[in-house]
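We just call them A, B, C and D in the order they show up, numbering each chain from 1.
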Amino acid sequence: MELADIGMAPRREEKVGTLEEAVGLIKNGDMLAFGGIHSHNGPMALIRQMIRSGIKDLHAIGNVSAGMPADILIGGGCIETFTVCYVGLEHLGFAPRFRKAAEERKIKIIDGDEIYYVLGLKAGAVGLPFVPHPPGHEARDNPKFESTYARTTDPYTGREVIVSPAIAPDVGIIHAAQCDPFGNVVHLGSVVADDLIAKASARTIVTTEEIVPLDSIKRDPKRTSIPGHYVDLVVEVPYGAHPLSCHGVYNHDEPHIVEYRDADIDAYLQEYVFGVEDHFAYLEKFGIERLMALRESL
Amino acid sequence: MKSSKPATDYSIGELMAVSIARQMEVHDGDWAAIGAYSELPMASMKLARLLYAPNLWWMSGGGGAINSTSKVVRSTSDFRVIRGAEYVMNMQDIVDIEMWRFSRGREKVVAVVGGIQIDKHGASNMVCVGDYANPTVRGVGTVGLCFGVSFSMVYFFTLHHNPKIFVDQVDFISSPGHTEARRKYVPEGCEGPQLVFSPLGIFDFESAARTMRLRSLHPGVTATEVVEKTGFELAIPDDVPETDPPTELELTLLRNAIDPDGVLRELRITR
Amino acid sequence: MELADIGMAPRREEKVGTLEEAVGLIKNGDMLAFGGIHSHNGPMALIRQMIRSGIKDLHAIGNVSAGMPADILIGGGCIETFTVCYVGLEHLGFAPRFRKAAEERKIKIIDGDEIYYVLGLKAGAVGLPFVPHPPGHEARDNPKFESTYARTTDPYTGREVIVSPAIAPDVGIIHAAQCDPFGNVVHLGSVVADDLIAKASARTIVTTEEIVPLDSIKRDPKRTSIPGHYVDLVVEVPYGAHPLSCHGVYNHDEPHIVEYRDADIDAYLQEYVFGVEDHFAYLEKFGIERLMALRESL
Amino acid sequence: MKSSKPATDYSIGELMAVSIARQMEVHDGDWAAIGAYSELPMASMKLARLLYAPNLWWMSGGGGAINSTSKVVRSTSDFRVIRGAEYVMNMQDIVDIEMWRFSRGREKVVAVVGGIQIDKHGASNMVCVGDYANPTVRGVGTVGLCFGVSFSMVYFFTLHHNPKIFVDQVDFISSPGHTEARRKYVPEGCEGPQLVFSPLGIFDFESAARTMRLRSLHPGVTATEVVEKTGFELAIPDDVPETDPPTELELTLLRNAIDPDGVLRELRITR
């Protein structure tokens, strides 16, 4: 019982909303980070909703190893610039729309490695002015992308050091197994950099398999992977990562990722994005038996 | 929401805890940190979330528990504070918060902290009394007062009110007051010291020179007494109200739900 | 069953040792970090063994909020330099031997705040050359400790920024509730900066309430707070944090901390450090009933 | 410890996995990372810990699982890899490892990774074929190859051996080889590329000019074939041994304990 229940105090506000409201927090031209890694934990339902809504000119900083979420955003015409650490489909090969757009110079690319990405987000989260890199990185092909790196002086040694910028996305979008109505997130598998994305982004949207009650969070606060104060909106979207996995809930649907890879992108988008009314209509295309077969606990 | 009649039998610690809790109403939806030796603001944060700021996010000192609903214990890093919390920060999380994140431009990030010296412009000192190289009193250190230049706002509380604490100018600037240096170096949005909650009254920095000004006197305290016990020229408006005493509801919550062990009433507070 | 059990493969080596072996990894003059915070999770039994062994001239960087562990190391004559973020006893007042040594200038002090400490350890862990600080910190009394900070240029704005050094301790010592024989640590309460200390230190020693089997760790690897590859030696020391708490196992013994605070330091050390043969002889001074009364689960 | 008789029926993937596992014997007590698209080295790490390097610590790619004992799956970030692991790294942990930590001066930190191009000095490229600004083939990105200048040692594996992969000079230096630039910029202790495991043989960089040198030929492969399929002048010693085939024990472990689903035998490997 809360005092709010008997009218003696204001009630805590829930942050729960819809995919449509989530897209409303994303503006054309925003810098966008998305969570997960490779074929895992990407906020795919929200990404499909973004494409359906015609979001444009995004500067995606992706995630540290982006696959289908990056590729479909490019294929859907949402991306102007991509900060690339890795965009590919692991053992399934290159990400075809990313590769095509890059080779045809249809998108602007900023190449930054995992240090650039992770420490950049960390700096962006807290206002560190820049990230000084350890010595040795000068031996790589940094001169080819001077827009990525700059240089300053290490006052302790007098040496010149390579530095990279802080990264502070306008919007971070994340998918996780559980989240309470106030934004407290629980990852059942890898967090990867989802916590950093939430910290660094001006607005953070969490889609989740299941909105759990606050009491579930309080049972073991050490399981909470992202504290809710970083989260602006929570959307319950079962199978919201499909065809990627949601760690600890279901595996990735590899045959469908292959189907996506090999499809004509316009036909694919017509069938699975524009041609379906909403996320549940999308799921109906796969059927309960197939979706249930993907389920697997940790 | 102070929906209950004024109480008559309360301790000065309870009065201070309630005053801070009420102030948190303007921070509903914001984020607040307390430090060590902070039983009093710990009680305030809990009371604020129950009555005035249900959307306040707060951290219990270096132990890192967020929104703890455990009873008040004396050490804010005690693991019992983790009970009923929603997240447990490690030091990297804490430092991430201590630095700058106005990029969000939405919620304020505030601190409720103490000091071995607080000066007329609201600078605080936790490092030393006397010369830094040869101190009369060596304090605990610079700790987290780095957030004095990065948090949106800082509130001070002190368990004592005397001229050794309230000095004209601190001997070491752990956190800067409303000075030229703040205006020169500190980013906009970091608004600095707001209020001081002492055992004698509540103070702000709204004088023309942005020096400490009497805002309300706790029941039974006179302006003369405050002036005598303050080591600099305090700004005193013509009309100084009395601090609102706790209500019965606030006291009942404090004593039954928040602090059943009576930590607050046992605090050594001197005027 | 392992292949080593039937002689078909070499066996994984355990890192288990004694407090004496632990002290053997600490040299006079080392830079030493210790874990925990305030009256919690300090490796007190190992610290008493260090004092008993006459370790000298340490540069302690302490923990971010150090209490009795810092004070007794100073009182025991082990410290030459202390990097101070906070040394005190919370609601129990100043740390008396720290305060005396500081006011009598018997130890050298480097004052650094929590950013200095935490980001310095982070930089030390990975070889970042230095830590650039966010703007605004120039408004504090930094000029009084120029030895703490230096300055360089932010190449993105041209502004001068304050920087602090990477911190890489020679030895980190940590106490936690559980650890397996290979060094995988489990904190039941706050980790604070113990993980960073383990990462940043050239040698890391873990004292633990209980050495648990590897299978216990593998049951839920997300509970592991420090991976064992950072750990050099594991020592099982029940009540090894006494009179501090071990989060999730027992509370701090506040009456004894008060006794320590108010005691003549030489008399205290004689009674509780030099005058007892080992850790169990120390515990016998308190008796089982008192020790059991401190126990409390999370 | 190769205590079992040579097998005769094995796939090229199994031979490569075994070769890498055996090499890990010198890294017993060290730390190793694999990346994405790494079913093969994943099997190697598991085999190494069973037979040759029980004290090896290894990380399964971006999912961050340390010392996983699960069966081989195709995605190294698959959550099933967390089963039987001892710790799960987040990206900050991973980047902390990717950077420099020779301060410990004890264990080596090694990587087993691939590349879309590898050149004669051991530089690797994951970014582009052709001009960076106008590439013929756009690769996946610079990823974690930053550790090419911070890890103690780098091992390469490739699932194909042809002149498009083994080029005279990479079109983009993701990770530098044994060049003047490495000697000028990279700290001592970071020793660079060590061995290359390809479907044709094993290679080192021990020629006088520190270029890629044939170390052993896989059974049935000739030096002439390797030379034809390599896009630069390979150093070839007078005597080149044959790569030791897998033993029955190694194959039994691979097929029953490590990779019961047969991922390794289904890998698309071309010579």
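Please note the rule applied: a residue touches a chain if its C-beta (ideal position, glycine included) is under 8 Å from a C-beta of that chain, and two chains touch if they have at least 3 such contacts.
The structure presented is a predicted model; accordingly, all values stated were derived computationally and were not measured.
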Between chain B and chain C, the fewest steps along chains that touch one another: 1
A-D or C-D - the one linked by more C-beta pairs in contact: A-D
Between chain A and chain C, centroid-to-centroid distance (C-alpha), Å: 36
Chain A and chain D, separation of their C-alpha mean positions in angstrom: 29
Numbers and ranges of chain B residues touching at least 2 other chains: 65, 82, 88, 92, 95, 99-100, 150
Multi-chain contact residues (two or more partners), chain C: 122, 126-128, 134-135
Chain contact graph, described as a line, ring, star, complete graph or other shape: other
Touching pairs among all chains present in the structure: A-B, A-C, A-D, B-C, C-D
Interface residues, chain C side, partner chain B - complex: 37-40, 64-65, 84-88, 90-91, 94-95, 98-99, 102-103, 105, 111-116, 118-119, 122, 134-141, 144-145, 188-193, 195-196, 245, 247-248, 251-252, 254, 296, 298
Partner chain A, residues of chain D touching it in the complex: 36-37, 39, 62-65, 74-80, 82-83, 88, 90-92, 94-95, 98-100, 126-127, 132, 134-146, 148-150, 172-176, 179, 181-182, 184-187, 190
Chain A-facing residues of chain B, complex: 1, 3, 28-29, 31, 50-52, 54-55, 57, 65-66, 69, 82, 84-89, 93, 95-97, 99-107, 150, 249
Complex interface listing, chain C residues touching chain A: 126-135, 150-157, 159, 161, 163, 165
Touching residues (chain side chain A, partner chain B) in the complex: 3-4, 8-13, 122, 124-128, 168, 180, 182, 184, 199-200, 202-203, 214, 217-218, 221-222, 224, 226-229, 232
